Structure formats: structure tokens, C-alpha cells
């Protein structure tokens, strides 16, 4: 039980860090990376939370998270493709 | 009992790896190394944590669902990172070494 | 523990919402909005609303984000600098917020079992619905049986919204030529998508028919099935997707779902019950309820699938058209 | 102290609601307005779900050994509200796309200026 609680706290702090990355990003790709990481970690967090609350039969939600996260990523990439011709200043300038 | 000990070890290891990944997200110098940090630790942490959780089930439907999540995440998460890095490359993002190179070129 | 997680997640949400206010890059705004939906779904899981979390994750985070990105591709991604003074809106917001917070002080404390909300109809749902309806998932029982008329209205609203979007944007013409998509070079993506799409459709079927026993149901299943086709359209191009699921077929499906739902109601009418009273559908009331719920959930699933996919087709068709020009 | 524990949930929800409200009335860009509307909407959902929560309760799906369940009624109301909310958002976004076609801009003051010219 203690291990589960510790893991959930760790995952929650990882989510907070990834969220910070998504909020304060150098480039647009960093932002997507942060959002993607929050998504995968949320799926794990829901799985752990099910065990913590003693009702692990709600794992379907974690599957939906993983799936929607993937589709969101693909949609973002497709969006870049449409807007590729537009000048994109913050990718070039700050690509440190 | 032994399963629980193994599961505890796996969970803690998984938590440790995901924390290192999150730190890497901030500490690495350029975007491609950051993708590397995020995606590699993502995969290993997912494997460790989900295996740790499977050991805590009674190996019934819950374990099957967890296995499904594991397969799904292992398929999609690296693919997403790969596609993102590729798209960043096409978008003209440079690695740190290349930025240094081009700066050197400017100075000459 | 629950309260602590709740507080942390709500804090994250508040920071995200604040950041959205100050961002000028609309693409980043939409990304953060997706994040906001994800986090709020997590809060719903934490507050025991698993069905709601399911819906929010699939609909709010998935479909909304895809549609907003589609709109941005058509309208441009930078917000122009705005020379309004921010003072008046800020004043309005602060006064309204203060009034609302003053109002919350009269509300019953959070999570207390004696709150008025838990006194009247909820105990009956919790105690009687497993016996009367025979389903473990009370949310499905209330949604599809006790409040079936309400849900019929909501299904009709989704159908009407799809009609509205299609009359504004139009459907893609079948038999279009695929424009060379940049995702063609993403070989890994194409292979993985081929693996993921069948799994997703299988999962949608599971959600549809397992919704009586666990979280899920017609609304969620419809959205997940639509998400599978949307993934196909995103990776392999819209013309191929419209070849698989034709736009005209979708129009028929959307109407069919509402008809199945309303038809169940009318059938119970003719069998001597009230509108949407499933007790008369079989000799045993509990079996009748079960049949009724499965049929109308199927109707909801079909309508939601067709409506969501139709809306996506509308936006995608606009994007393809402007890309060709 | 118990005062804060009793109400913090509602207060943060009110804060989120006001953040969404502020975006709706201050933003000039229609897409951003719709994002603000959605933030507002999600905060209302959270308000309902908070009301439905029972301390020590569990998700309203019958299982062995669980006696206290959270209130299922708000869940039903919000579940359908989410789907309807996305449907209406889609209509709003479709209108934005048409406005862009008709006026060439989605900034509120710009197309109002154009309206004034006609």
C-alpha cells in the first residue's frame, strides 16, 4: 500500500513537472512534448489510483487516455503540415 | 508475499525512472535530447509500473486490461515521440551540436 | 488522500487556466485546453464520477481538440494584439466572482453525506435501481431508464448539432484525389496506426456493450468508434476515410440512431406501457428493462458516432479544400 | 480550518469559472472566446460533480463489500451535458470558419468595423 501511495505521489509530481514544461516552453515542440507526457502519465496515474481506492475495475479510462493522447498527437502533427507554409517565428528563433 | 515485494521494487523503480525523465525534460540542453529523456524513461517506467501492478492483481480480467494498457502505451508512446521528433526536424529545429557549428561558421 | 489529490489537481487546473488568458499563440491555447480537459477528467475520476471522466476524456479532450485544431488551420494561429482596456472585464469578473464566493458560503460543506443533494431521489436510485433495473452501473440505469426521455432529448440535440455543422460547412465529396500528405513519410506512424485502429474499434464495441456493468455506454462508445475513423483519416488522408465510411451513409446512420431510440419508446407505447417504459417489452420487467437499455444505448451509440464523424468530415473537407486552392 | 476544507473545492471552481468568463469577455479572437466558453463549461461540470461526491463513498457501480456510493444523478446530468457541450462547440467553431470565409478575419473588432461599412 505504501509503495502504491509513494508511486502515485511520484507520478503526480512528474505530471506537475511536465505541466510546467507545457506551460513555459521554449519551442512549440517542447510544449507538445510536455502535453504528451502529461497524457501518458495520467493513464498510469489512473491505473494506480484504481488500486489505491481498492476498485481496480475502472482501467478502461486509462485505455481511453492512452488512445486519445495518441490521436491528439497525430492531429497536432497533421496541423503542422497544413500550416507549414506559414512563417513560424518561435521555432526558429529560440531553437536552443 | 514474494510477489508483493517484487511488485514494490518494480513500482519504486518505475517511479524513480519517471522522475528522472521529468527532470531531464528541464535539464537537457536541446529539444532532441529532451525527447530522448522523455520517451526512453516513459517506456521503461510504463513497463515497470504496469508489471508491478499486474503482480498485485489476482490475474483475472484486471490483469488482462493492464496488459492491454501496457501494449497500447508501448505501441503509441514511442511512435508519438518518434513522429514528433521527425516533425521537429522537418520544421527546421537543430541539435545543440549543429547550432554550435553554425555559430562557428558565423564567426569565421 | 482524495482531498489532497483533488487539491493538487485543481491547483494545476487553475494555473493552466491562468496561462491560457495570457497566451497569444492560439495553437498553444488549444494545446493547453486539451491539457485542461485531461486534468479535469482526472478530477472526475478522483471524485468517483468514472462515467463522466470517460466521456470527458474521449469527447472533451479528444474530439474538441481535433476540431479546434481544424478550425485553427483554417483561421490562422496568431491572435492579434488587442487594444481594449482589460480593466472593465477584470472589474466585472472580480465582482461576479466575489458574489459567487459569497454564495458558496451558504452551500452545504463539500462531500458531507447529509447534504440535501443526497437526501431525496439519490437514495432511491442507489437502493432500488439494482433491483428494479438489474444493472450494477447506476449511472446507466438512471441515464437510460429513469431519465430516458431526457436522454432522448440530448441525443436529438447531438443530431441537430451535426445537421447544423454540415449545413454550415458541407460534406466532403466522395472520390476526391488524396493530396500528398506529409504524414506519408511517417512510415512508423502508418504501421502503428494500422495496428491501433482495429484495437480501438474492438474497444469501442466493448465499451458499448459493457456499459451496463462498468463505466461506458453509447455516448462513449460512439465517440471512440468515431475517433478510430478520425485517426484513419488523419494518417491516411480524408479521401480514403470517406471511401470506408461514406458521408451519405453517415447521414442515414445519424437519423437511424434517433429513430431506434424513439422507436423503442413508441413500441412500449403499443405494448400498453408509457413512452419509454421498458417493463412491458418482456414478460419479466427486469428482462424488459435490460432489452430496452441495450437497444436505446445502441441507438445513442450510432447517432453519436455518425454525428461526431460527420462534424469531423465537415471540418476536414474545408481544410482539404483550402489546401488545394 | 474546517471552513477551508469544506469549501476550497467550490472556491477553485469559482476561480476557474471566472477565468473562463474573463477570456470570453476580454478576448478579441473568436477561437479564444470559444476556448474560454469551454473552460467556463468545464468548471460548471466540476461544480456538479463536487456536489455529488460523498466522503468515503465509491463510484456508483455496485460491487461486493461497498456500502456507500456517491450520488449518481449529477453524473448522469453531466455526462450528457459534456456530449451536448461538444456538439454546440462544434457548431460554434463551424460558425467561426464561415465568418473567416465571409469577412477574412476572426477578430471581433475587425469584422464589426466591416459590418459598420455595410
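Per-chain residue numbering starts at 1, and chain names A, B, C and D are given in the order in which the chains are listed.
In this section, a contact is a pair of C-beta atoms (placed from the backbone, for glycine too) under 8 Å apart; a residue touches a chain by one contact, two chains touch by 3 or more.
Since the model is a prediction, treat every value here as computed from it, not as a measurement.
The leading chain pair by number of C-beta pairs in contact is C-D.
One finds 21 Å separating the Cα centroids of chain A and chain D. Per-chain CA centroids place chain B at a distance of 29 Å from chain C.
Separating the centre of chain A from that of chain B, both taken as means of CA atoms, is a distance of 11 Å. Centroids of chain B and chain D (each the mean of its C-alpha atoms) stand 32 Å apart.
Counting partner chains per residue, chain C has residues 50, 70, 72, 76, 182, 186, 189, 196, 214-215 touching two or more of them. The multi-chain contact residues of chain D, meaning those touching 2 or more other chains, are 58-59, 61, 63.
Residues of chain B in contact with two or more other chains: 72, 76, 79, 83. The chain pairs satisfying the stated touch condition come to A-B, A-C, A-D, B-C, C-D. Chain contact summary for the complex, chain B toward chain A: residues 7-8, 11-12, 14-16, 18-19, 21-23, 25-26, 29-31, 34-35, 38, 42, 45-46, 49-50, 52-53, 56-57, 61-62, 65-66, 68-69, 72-73, 76-77, 79-81, 83-84, 87-88, 91-94, 96, 99.
Note for the complex: chain D touches chain A at residues 58-59, 61, 63, 66.
Of all residues in chain C, those touching chain A in their complex are 1, 5, 8, 12, 15-16, 19, 25, 27-28, 31-32, 34-35, 38-39, 41-42, 45-46, 50, 53-54, 57-58, 61-62, 65-66, 69-70, 72-73, 76-77, 181-183, 186, 189, 193, 196, 200, 203, 206-207, 210, 214-216, 220, 224, 227, 230-231, 234-235, 319, 323.
Residue ranges on chain B touching chain C, taken from their complex, read 72, 75-76, 79, 82-83, 86, 90. Chain A meets chain B in the complex at residues 3-4, 6-7, 10-11, 13-14, 17-18, 20-21, 26-27, 29-30, 32-34, 36-37, 40-41, 43-44, 47-48, 51, 56-57, 59-60, 62-63, 66-67, 69-70, 73-74, 77, 80, 84, 88, 91-92, 95-96.
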